[in-house]
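Submitted below is the structure of interest, expressed as structure tokens.
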């Protein structure tokens, strides 16, 4: 039994190594991705362009405008603008925000100690809209502090930020990329590897030989497990070298749990390959099942807790959800198996279940 | 556009090559070959794998422009009139080239359409081919389910749908059982008898015997050419197998013979 | 023309031969559309908060009482021991802990301004910042209540000068994510389907030898390419039409601008992605290679399209890189027409960019084909 598995294994390795173009892509692509997206993905909005309709024209209103333009995030687009211009300007996309200061701005401030301004925000991208609003609130808070001096507060709030004191978004996203890349590459690899044999007819050859389904499956999966692990190593290494993402926990544990995750992802791909007849279909199935859910539902960018209930349930069955907690936990929190045992067990269970179904489906094909 | 019949009156030569060469980098895949194939002749290219047969055939079909020399197929220059050539030739390669995920009838319809047959023409041709190949019951079967021998015959029929004056067959019988192979060659003989020129490459020595004339290729060159009986006589051998081995092992004999031919 | 018809017919037959393809093209995408339409939001809800009370006075209890009761904060427990809190953060059981210090009530009444400690998991910096904001707001509201009960402090509060912001969110007043996400998913699905159907389809014909067979027929290269473009463009347009209908029926999101313009721009986008698919097929020998190259392009196109992360958030160099991404332009166009009702003059730059991209990629593909034949 072991010899046969070994034979399939060796063959699979030869396949992988011979097609150097694919190999190069498999190994280099993650590095490229981590470099590119590690830099690209941040949640810090820069350069919010705004214009002002200042109907007050008082020293106070000018101070307000100045507070916005000196904030660093906002960039004043000069020139007159009227209310009627706004739709046109938003459609031209040269500004995100119009700050409208009413004529009674200074009068209200002096008389009632309370005044208001209008923020007209282009919210066609709701994320941009939220950012612009939040940053504006910050500017206004600063303006009020300036006007009032030390506020007569009864108590203070002193935050202490754990794990990522500067709240750098690279620390958040780069470990997430590890999960994303591993999931996508591993699942694709196996689903294609097996359907390719089906398409070229070599699978029949293997199926008529006395090899057992489990042996085929193991022989098929193992090389890619190693490849996936290599990938994980390269990605984690570049994360820590290029982006100074700390690895506070045990590297060994990270490797072990990554192995488990790769195993799940591969089994996932394997399952698709038993369903699909052609490489094209295997590819579509895998892409549709992995790419959007992994990016959107696993907590990679968007917090799971904020999602509607149905989506939270779906997130619970995504392997990437668990692995994300594991990577971030080990790299940033420095936690160990004690805290992550549930996650590890869930991954193990998922992998075993998927592998079982895939092997069963193989047997069905044989009969 | 010229029909094959117009051409027949002006040319009796279907394929002609003069010092035709193809170079890939430093590698001379086809090295200055010259030949003439008459209309209605069965002409064979015999040689081991990598001898340059496929490259030569691809140049004749207008798939590859030659690096040097010239060739005319059906009266058209391969370097400048590839499209006119394609209208007048059929081609079937060692790679089985029907769509496995289309049915038999769909394959016929598709290639008929590609060759510009009318709707009516496609309908009648489909009926005729299914009848000839006795595939009537299989018309809606996926091609992948057919036995290899039938696939081959179907592929041949499909490549003849537009009634080309020349058909190029590149290792057409690879992997096919002997009975199917014999049947296949019977069709080829019928074709030639009806005036179609057949240009075939093979590395099966027994198949070489079916050809009226063969040229033996070795390392990109034609090292000898003639009818099978002529070649056997010239080298004093009893089978094409022996002739081939003799020529390949003794390049000197080949040189002399090639010069004589 | 008739030859192209047969090429198109063949392509459709092949795509739909496998019944699972129908599911892949027309069922799964729309399930995802419906499900994920609600998913993307940077709004932070259900922050898991631990409350710690080291004071145990009416005031500290009242303060902590004011947490919870909203969808923004879930109180998950009570804990004031720092080590236990750290463990809870480690395990991810809580992401924020609020700890009221000893002598809180006494110090407040003495005017000594005690400090309430907030411990937060900062890994997701954005969420952490927002969560801190929630805590501050609750603290501020509680103080306001205390102050209003104390006349002396009340006067001070009246002297406090305030500037209130009235935000108006145009085009998407409730900051709904689906308004924004759904067009994005449509673009994404189009991208996946068109790039992979063409690149893998052509490479497959290369692998099995039918492409060579087609090359010896009198078909012209342009006819061959049209035979690939037409069926997949039709499929792509169909996807768009279905998606738009679904979005209207399910989410009530209609197209603000010209439907015609939207379809024309979609067609243009599909042409650029088909061009990419064809180009990929010219540089790949096997379907696996085509798949990986296509995949790489796709991830690039998705993450740098402004779909998930606003392009304005990216570093300048990366922003330049996004100019090479046709999806970036299409995302803008789609959203502008959909939500703002913008017309062509406002979208001229994006449209031109896609035209340039399309022309370039098609020329490159044709050039590669020439090189291969020569």
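Note that the chains are named A, B and C in the order they appear, and that numbering of residues resets to 1 at the start of each chain.
Definition applied: a contact is a pair of C-beta atoms (placed from the backbone, for glycine too) under 8 Å apart; a residue touches a chain by one contact, two chains touch by 3 or more.
Since the model is a prediction, treat every value here as computed from it, not as a measurement.
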Set of chains whose contacts include both chain C and chain A:
none
Relative to chain C, which chain's C-alpha centre is the most remote?
B
In angstrom, rounded to a whole number, how far apart do the mean CA points of chain A and chain C lie?
10
Report, in whole Å, the distance between the mean C-alpha point of chain B and the mean C-alpha point of chain C.
56
Set of chain C residues in contact with two or more other chains:
18
If I count partner chains per residue in chain A, which residues reach a count of at least 2?
278
Among the residues of chain B, pick out those that touch two or more other chains and give their numbers.
101
Which chain C residues qualify as touching chain B in the complex?
2-3, 5-7, 9-10, 13-14, 17-18, 208-210, 212-220, 373-374
State the interface residues of chain C toward chain A in the complex, per the touch definition above.
18, 20-21, 24, 28-29, 32, 35-36, 38-48, 74, 86-87, 89-92, 104, 107-108, 111, 113-130, 132, 135-136, 139, 143, 146-147, 153, 156-173, 175-177, 179-180, 185, 188, 192, 196-197, 200-201, 204, 284-289, 291-293, 295-296, 298-300, 302-304, 306, 308-310, 312-315, 317-318, 321, 332, 335-336, 339-340, 342, 346
Within their complex, chain A touches chain C through residues 19, 21-22, 25-26, 29, 32-33, 36-37, 39-48, 64, 86-87, 90-93, 96, 109, 113-131, 133-134, 136-137, 140, 143-144, 147-148, 151-169, 171-172, 184, 188, 192, 196, 275-281, 283-285, 287-288, 291-293, 295-297, 301-303, 305-308, 310-311, 314, 325, 328-329, 332-333, 335, 339
In their shared complex, chain C is touched by residues of chain B numbered 61-65, 83, 86-87, 89, 91-93, 95-102, 106, 109-116, 142, 159, 168
